[in-house]
Structures are given as structure tokens and as C-alpha cells.
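There are two complexes below, and they share chain A, which is joined by chain B in the first and by chain C in the second.
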Partner chain A sequence: MGYLLTKEGVNAVLKEWAESYLIYAPVRMSGKGAFSETDSIRYAPITTVEEIEFEKKSDFPFKEVLIPLSETLFFFTEDQVTEADGPKKNAIILLRSCDLHSVKRLDEIYIKNEYEDYYYKRIRDNVKFVLMGCKNAFENCFCVDMQTNRIETYDASLEKKGDFYEMDNRFADWETVLERNGMSRRVVVPSYVTETNVHVSIPQGLSLDVSRSKIWDEYDSRCINCGRCNFVCPTCTCFSMQDIFYTDNGKIGERRRVAASCMVDGYTDVAGGGAYRQKNGQRMRFRVLHKVYDFKKRFGFHMCTGCGRCDDVCPEYISFSDCINKLGIAVKEVGGHNEE
Partner chain B sequence: MKNEYRPFLSEIKEVIKHTDIEYTFRMAYDGEVKPGQFFEVSIPKFGEAPISVSGMGNNSVDLTIRRVGKVTNEVFENFVGDALFLRGPYGNGFDVNDYTNKELVVIAGGTGLSPVRGVVDYFSYHPEELKAMTLIAGFKTPKDILFMEDFGRWMKNMEVILTVDCSEDDAFCHIGLVTEYIPKLKLQDVDRAVAVVVGPPAMMRFSTQGLLAAGFREENIWISYERKMCCGLGKCGHCKIDDTYICLDGPVFNFVKGRKLID
Partner chain C sequence: MDMNTKALKKNAFRVTKQRGVTASRIRVPGGHLEAKYLSVLQEIAEKYGNGTVHITSRQGFEIPGILFENMPYVNELLQPIIQGLNINQKTPGQGYPAAGTRNVTACIGNRVCPYACYDTTAFAQRIEKVIFPNDLHFKIALTGCPNDCAKVRMHDFGIMGMTEPQYDKDRCINCEACVKACKKKSVNVLKTVNYKVERYPDRCIGCGECVLACPTGAWTRGEKKLYRLTIMGRTGKKNPRLGEDFVKWIDEAGIIKIILNTYDYVTQHIDPAAPGGKEHIGYIIDRTGFEEFRKWALRDVQLPKMAEVSTPIYWQGVKY
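On to the complex of A and B.
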């Protein structure tokens, strides 16, 4: 059911939700941007609608709620292994259509790829999603081409309409709170983008043969393998295991998993000195093909959701969408054949 | 729901020292396991490392560990009368049924012998299930030879070629690379013969090339890959090549698929 609400009405809803949920939304962090006197827009717990940044794309995605950058799995005491507790509260995440599409990608890897991930699942089962409508595409977005510009599988939606707010609710348990705090009922369709400035076209006939193409060579020198593209990507899920022990008692410690990047040195290192993909261009190839080719080969849909954050963040101004658009040249160069 | 990341403590029942840096740890384990599968072995504080199964016994698995990294260093320092944390087994492993009633050639380089040792052992106890078997095992020097005590037993019912890369005075083995012995294989029917190749990347590349040149069919060759794996569960991403997770779909691959995997 859709509702029109005043600012106070939305805040009353948020207040009631806050009794059982932590509410995560993009907020503006003053002075925290990459350059001096710029802001960063990141996810943080909120309590009022005024804190939410509706007008800009978040620089970092929501994924840290579901897959924390550093997550403790176990505590060790001598020979005892104790499982770390999960979050005490359920969570609500406010996010845009492309990002809600990326939840499907996270689920595919963490819940469906043969094994269910215990830590992911225990958070995921207690998360609700509130869709933020997009009136216009932001710089570098290409969601329309990736078919992630619309989504129906939200629990609720929230969108600013002049001085008021529109909410659509699809989760039965929330109906009474919205009924009580809404001004009136109405049909609500969350805004979605139908045109973006950036376009991508993924060629037919892609295969691993394109790793031989010369298109990757420019990235050998342009890319500085900082891994920022991975950390801002809502669908990058890789992690490394890390054991740490406390300095004041060396017999007690914990095992964590921490976010990993396929662009950064060490990602493929095996004991004894072996490593694969030494060149940055080949790392770029690995990342790009995962996003728009081989993930689909395994799971049936593309990993990339076209949010464009990797382009926003790259300190070397490397454009992921430009790279996708060069794949056609690469396929021709290596003599493309259609494997699919 | 099962927490797959939770390791269990497994008692070290026996330690077999092959070289200064390679020991086999016989670990208490009573579940099902296949040769070529692997366990995540860990010591709290130092982390986890994927180690392949080099043998299966009654209520035990053998893990042959080479001292080359952070975790394995610690395993070597602190194993006396002790236990290690394990989780697994993971991966597909070798299926001995792929080789039954055929001529089998196993080519192993260095610690690459560990994951196939279970296969070699199986057929050394069941020679009647094969038409013929040849094992070509290569090591750097005589000092690096693993499973020395097994070779004597294996020689009784299979053709064994033990070779070292560099010359040192030891009459027991041949000198040279494993690849030199591929053209000299005496096979009744190369068209149906099967081969398993495990070892360092360059050795696998040249050995598979050698086998193809000798007339082996691509689909009759199996290989096993080694990659960084932080989970063994298809989550951490480190071992992915193309759409393949080495930990889930491998580490053992038929060469038809394996040859297409470009890191």
C-alpha cells in the first residue's frame, strides 16, 4: 500500500522501526571526501529522515552491512574456538535500484554457490530493504543498459516529493505503522531512471581468448592497483582470512575475514612464491570479465549492476564502462567465437 | 545451519619425515575423503592453509605439508604431541573409476605427488583393476624425494620411473625431467590410455604437451590445480578462474576443461 507522509510522519515511522532495527542510509560525511574540503557519502545508521542524502549517489555501497570489511568469525582461547556473535539488531537498508539488484549477486555467491555462508546468512535473514527512487541518473551510471534501473522486490520505498514523502509498503508487518503515520493513501510508484549519459554494450562471442588482446596493455601502466574499484563495488565479495592475537595476552585472539581486492598485489599468492596475473592489465581483464562475462556464465545474469562507482572513485580516471565498450574490439582482435 | 568455517581439533597421530621441509602428518579423521581433496589446516594466530590429502587410512588422513609459508612454518615448529585445527574435506578429488581397466600413467612433480599418492596407492593394492600402470615421479634432487618408503612397494606392481632434475650420486633414480620419459612410454593402446599430471605449473604445461604429442587424447588426461584458497567454499574468490572455482569444481580437472582455464 502506498502513502503520502510529512517529514514528521516519516520520522515517526523511522522511530518505530528503530525499536527493532538499525536503519542504514547514505549520509553526507562532511570533509571526509578524497580531496580537501569535499564530502563523502557513505552508509551509517540514521534515526531521522533529514540525515539521509537523497540527492547524490553514495560513494561507498551498502554492502558493508551484509559483508563487513572486517568480520570476526571466531575467538580463540588456547584450544577453545568460540563463534563470534552476530549483530544484536535487525537491519533496514535504504538503497537504490541498482544496489538492490546487487543484493541478488551477493546472495548468489554467499547463499547459493554450493555452500551457505553461515555469517552472511545470519545477517541477511534479518535485513529489510527500503528502495530510494532515482529521478535522474548520476554521472557514470549505466543501470539501464545493465537492466538494473527498476526493481519490484523491495520491502518498502521512500522518496522525497517536494515538501512531502512518498512511501510504498510491501511488508505486511509495517502496514499499521504507515497507516498510523501517513497523511493519505495513494498509489506510489518509485521513480526510476530510463536514460543514462553513459552507455555500455557487451559484445557477443566473449571468451577467455580476449585475455590475449592488446586492449589490456594500457592498464599495465595506467592502473596503480590500489583496489578502490573493488572496495566501492556493491558486488565485489572477495575476502581473505586473517588471524590476529592480542598483544596483552598472546594466547587469546581471533580469526577474521577482511575484504580483499583482485587488483591488489598478493591476491593470488600461494605459499612458496607462486602468483598469477602479475600485470595490472591482466588483473583488469580478470575483474572486467567477472563483472560482464563469467559470472553470467556460472549464474545466469551479469554481476555488474552499472552503478558506476568504480569510475567515480578511480584516481587514474580509468573508466570501467569505456573498458566494457572496448571488449568488442578485443573479440574481433582475437577472432571471436561464440561459446555460449 | 552448519558453520562451515568452524575448524575441529584433530590429533596428530604420526609424523613421517621425508625431507627437511616436507613431513606427512597423519591426522585423526573418520569421515569420507577422496585422494586429491583438501583440508584447510590451521593454527590459531597463524591462519589457515589448504593442504591436499596424500593418503587415507583407518580413521586417519595423511596431509603432506611443505614448509614454505606462515602457517606451514608454524606447523613444523609446534607439532610435537599436538593437534592441528582442520576443516574439510573440500573439492572434488580424483575418481579412481575414471581409470579402471585402462593403462594409467601418473606423472608427478615434487609435492605434486601428494594429491595423487592416494590414487597410486589404491592401484598398488588393486593392480587387477588396471591394464597397466606407470608412475613417473620427478624431484629436484635425491634429498627431495617424498614417500621413499612407498616407492619400493609400488615398484612391485607398477612401472616406476623416479627421476631427479640435477645429478648427484645416487644410483636409485634416473637423472632428468619427467617429460623426457613420456615419449619412451610403452603403451598397448595410447588412444585409450589415461594420464594424471600434478606438479608445478611449468612441469604440468610441458607434461601435458608431451602426452598430447605422444598421442594421448585430451579427454583422457586429468590435472590438479593449486591456488590460493581462503575458504574452500566458493566464497572468498581467490581461486576463481573464468567461471570456475578451483575449490568447488576442482582442484582436479579433466584436461578438456583444465586447458581452457587461464588465470
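On to the complex of A and C.
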């Protein structure tokens, strides 16, 4: 059921939700950008609607709530292991359509990919999603081409409409709180983007043969392997393990998992000192093809959701969408055969 | 021809090689101005000068080739620049009221540069507002970060932007970008301990390379604007030298108070026989000893808790 609400009405809803949920939303963190006197838009718990940044795309994605950048899994002593506590509260995440499509990718990797990831699952089972209506594409978005611009599988939606807010609710348990705090009922269709400035065309006939293309070489020198594109990507799920032994007593410690990046040094290191993808162009090739080729081959849909954050963040102005659009040239160059 | 050269100089004109011909010196605090003023400079240069403009080493302009008799007209034309740049003035239309305290210079700062920790021009303008007009010979420069592109260590007061890095270990994924950046580009004060990063605050120079390098936003800038204040660098004949650190992690109010206190110190201790009433502050300190200067400089100064004052200070440089 859809509702029209005042700001106070939305805040009353948030207040009731807060009794059982931590509500995560993109917020503007003043002065937290890398450059002085610039802001960073990140996910953080909120209590009022005023804290939510509706106007800008978040710099870092919602995924940090589901897969924290650094997460302690368990503590160990000499002969015992104790699991680290999971979140004490359920979570609500406010996010745009492309990002809610990304949740499907995360689920695919962490839950449906043969083995279920226990730590992901224990958070994921307690998360609800509130869709933020998205009227206009931002600079580097290409959601329409990735078919992630619309989504129906939200628990509720929230969108600013002039001085008021529209909410659509699809989760039965929330109906009464919305009923109580809404001004009136109405049919609510969350806004969605229909046109983007950036377009991508993933060529037919893509195969691993494009690995041999020369298109990757320019990134050897252009890319600085910082990994920002991975950390802001809502669908990158790689992690690495760290066993830490506390310094005061080297026999006890903890195991953490932290986000890993296929662009950063060390990712392909193997026992014996080898490292497979040493050139940045080859790392770029791996990342790009994973997003628009390998993943789809295995799971049936593209990993990339077209949010464009990798383009937004790259300090070297390397455009992911631009690279996708070069794949057509690469296919021709290596004499691609049609696998699709 | 009769001309009071003392008054002429105080009015920011110059006695030149050519008799009866002067040059007008235009101060631009912070070295940044609206482009519309360039056409005013052009007009003055073409109408009363020799059609050229010199960009000075202190980020001002100098218009040469002006006849003494035309100074009042030049001053009138300068009025929109003086007003537009918010220069303290006694009588509108009569040009600059002093020239001793030099233009406050600045690097481009954080209006443009990714490294800069603050708006250098805006801070320069705030300093200009409290120290000008003044006949004493003070040179002040500001730079956005410890790269010191503005060469502030060549000035009586050098102000260098710093940021106190804030570390959120929960966002750190141990990519070591900060450790590498600090080691290769800065002073090597970051170390990986148990897959997280430790910083040695005593040796950290607050350059912000860690913040710039961090791909996850684990490192961010501190909320407070803090600076390194270097003092008594100078060029010149007897003993050119680099300024030494006076206070590390000082705030704006502290810097301004120290500068103002130094005006009092100089007024008290300047050589009464100094040629042209002009003596570099550093030489006065050489004479009175650093401790006497420090006593004056720090009078009523409220320093931030983390501020570190260097004492005593010994300067090096070339001695002739």
C-alpha cells in the first residue's frame, strides 16, 4: 500500500522501525572526503529522514553493511574457538534500484554458490530493503543498459516529493505503522531512471579470446592498482583472511576477513612466491570480464549493475563503461567466435 | 624637482633608476584575484606606465615607467583593486597607506590543489586584514601542505597546512597503500602491525598522503585546521637561511596572535639606526637571543593541546 507522508510522519515511521532495526542510509559526512573540505557520502545508521542524502549517489556502497570491510569471525585461545557476535539488531538498508539489483549478485555469490556463507547469511536474513526512488541518472550511471533501473522486490520505498514523502510498503508487518503515520493513501510508483548519458554495449561473441587483445595494454601504465574501483563496487565480494595473534600473548588471537581487491598487489600471490596477474592491464582484464562475462556464464546474468561508482572514483579517470565499449573492437581484433 | 621619497615609498611606489620615474606596486594578498582587475592594471600600464607589467616575486604586480606627477591619477585608478581586494586603507583614492609589511603570499591552496589542507588565499587575506597597513618589514607566506610549494621557509613567518590523520581501523583492509605512500612520498611513520596500521604521531608531519592514498576512506582528515609555523627564514646578504619550526600543530588564532606579538617585539627591539627603518626580524632575534623573542611571541597565546613548541631554535644557513 502506498502513502503520502509529512517529514514528521516519515520520522515517526523511522522511530518505530528503530526499535527493532538499525536503519542504514547514505549520509553526507562533512570533511570526510580525501581532499580537504570535501565530503564523503557513505552508509551509516540514521534516526531521521533529514540525515539521508537523497540528491547524490553514495561514494561507498551499501554492501559494507552486509559484508563489512573488516570483520572478526571468531576468537581463538589455545584449545577453544569462540564465534564473534553478529549484529545485535536487524537492519534496514535504504538504497537505489541498481544497488538493490546488486543484492541479488551478493546473494548469488554468498548463498547460492554451492556453499552457504554462514557469516553473510546471519546478517542477510535480518535485513530489509527500502528503495530510494531515483529520478535522474548521475554522471556515470548506465543502469538502463544493464536493466537495473527498475525493481519490484523491495520491502518498502521512500522518495521525496516536494515538501512531502511518498512511501510504498510491501512488507505486511509495517502496514500499521505506515497507516498510522501517513497523511493519506495513494498509489505509489517509485521513480526510476529511463535514460542515462552513458551507454554500454556488451558485444555478442565475447569469449576469453579477448584476453589476447591489445586493448588491455594501455591500462598497464594508466592504472595505479589502488583498488578503489573494487571497494566502491556494490557487487565485488572478494575477501582475504587474516589471523591475528595478540602481541601480549602470542597464543591467542582472532581471525578476520577483510575486503580484497583483484586490482591491488598480492591478490594473485601463491605459495612459493608466484603472482599471476602482475600487469595492471591484466588485472583490469580480469575485473572487466568478470563483471560482464565470467559471472554471467556461470549465473546467467551480468554482475555489473551499471552504478558507475568505479568511474566516479577512479583517480586516473579510467572509465569502466568506456572499457566495456572497447570490447567490440577487441572481439574483432582477436577474431571472436560466437559463444552466446 | 622636489619629492619626498619616504612618502612615495610608503605609498607603495618605488624610487627607480630613472629620475622622476616611479613604479606602482600592487599587493594581492594570497596571490589570487578576480580576472576583471587585470584590465585595470592594463589601463594603468598603458595610460601612465610604459605599457608593461611585472609579476613580482611576492605575487603582486609592479607597473613601471610612471612619471612622479602621475602618481595621484594612478592611485585613483587603483581604487577599485584596493577596495576589491579588501585592503585596509586610510583615505580612498590615495593609494596604499604603507609598504613595509609585504604582500602575504600563498600557494594555490585547496581551491584547486588536492594536497592542500586549507584555503591558503582566504587565510592570507585574513592575516593581511590584521597586519596591514604597517611600516615594519614583515614577510609572511602560506602553503597548503608540507610540500611547501610557496617556499614559506624563506619567510619571516611560514605557515604550512597540516592535517591530523584519523584512522578508522574497521575500514582498513591492509592494502598498505598508505604505508607505501608515507614511506616513498613522506616521512615513513606508518607501519603494519597485525594487518592494521600504526602511526607514530611524534614524527608525523600531517601531509595527508595517507588520506589521499587510502582507497576505502579508513584514513580521513582531522576536523581541526592545524598548521606548522616556521619562523625567521630569509634571503638577503649577511646570512640567508631557511626558517625553522616554531610551533607544530598550531591553529589559526595562535598564528595570528604570534604575528601580532612579533610586531610589538620588533617595535621594542628594532635597531633605531637601522637604514630606512628596516631590519629583518631574524637579525633582531640574533641580537636579542631567541628566548627574548619567544617570551614576546607567545604572550597570551592559547595553543591547542597537541601543539609542540620548539625551543631553543638554532638557525643554519649561509654566513658571510
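Note that the second predicted complex is superposed on the first by the 340 of 340 C-alpha atoms of A that agree within 3 Å, B and C clash if a C-alpha of one lies under 4 Å from a C-alpha of the other, contacts with A are read in each partner's own complex, and residues count from 1 in each chain.
Please note the rule applied: a contact is a pair of C-beta atoms (placed from the backbone, for glycine too) under 8 Å apart; a residue touches a chain by one contact, two chains touch by 3 or more.
Predicted, not measured: the structure shown is a model, and the values here were computed from it.
Participant: For A:F138 in the superposed arrangement: first (chain B), second (chain C), both or neither?
Facilitator: It touches nothing on chain B or chain C.
Participant: Which partner chains sit in contact with A:F231 here, chain B, chain C, both or neither? Use first/second/both/neither.
Facilitator: In the superposition, A:F231 contacts chain C only.
Participant: Quick one: classify A:A260 as touching chain B (first), chain C (second), both or neither.
Facilitator: So A:A260 meets both chain B and chain C here.
Participant: Thinking of the overlay built on chain A, is A:S40 touched by chain B (first), by chain C (second), by both, or by neither?
Facilitator: Second partner only, chain C.
Participant: If you stack the two complexes on chain A, which partner ends up touching A:Y119: first (chain B), second (chain C), both, or neither?
Facilitator: first
Participant: Which of the two, chain B or chain C, is in touch with more residues of chain A?
Facilitator: B
Participant: According to the stated criteria, A:Y3 is in contact with first (chain B), second (chain C), both, or neither; which is it?
Facilitator: The answer is neither, since A:Y3 touches no partner chain.
Participant: Should A:Q242 be classified as contacting the first partner (chain B), the second (chain C), both, or neither?
Facilitator: Touch partners of A:Q242: chain B and chain C.
Participant: So, A:P68: does it touch chain B (first), chain C (second), both, or neither?
Facilitator: In the superposition, A:P68 contacts chain C only.
Participant: Just to be sure I read the superposition right, which of the two partners does A:W17 touch: chain B = first, chain C = second, or both, or neither?
Facilitator: neither
Participant: Across the two complexes, find the residues of chain A that touch chain B and also touch chain C.
Facilitator: In chain A, positions 240, 242, 244-245, 260 sit in both the chain B and chain C interfaces.
Participant: Across the complex, what residues on chain C touch chain A?
Facilitator: 110, 114, 116-119, 161, 163, 169-175, 177, 193-195, 208, 211-218, 220-221, 223
Participant: Name, in rising order, each residue of chain B that touches chain A in their complex.
Facilitator: Against chain A, chain B makes touches at 1-7, 9, 42, 44-49, 66, 68-72, 83, 85, 200-201, 226-228, 230-231, 233-238, 240, 242-243, 245, 248, 260, 262-263.
Participant: Going by the contact rule at the top, pick out the chain A residues touching chain B in the complex.
Facilitator: Where chain A meets chain B, its residues are 73-74, 76, 79, 81, 83, 109-110, 113-119, 121-122, 208, 211, 237-245, 250, 253, 255, 257, 260, 262, 267-274, 276-277, 282, 286, 289-290, 294-295, 297-298.
Participant: Inside the complex, what are the residues of chain A that reach chain C?
Facilitator: Going by the criterion above, the answer is residues 31-32, 34-37, 40, 42, 59-60, 68-70, 226-228, 231, 240, 242, 244-245, 247, 256, 258-261, 264.
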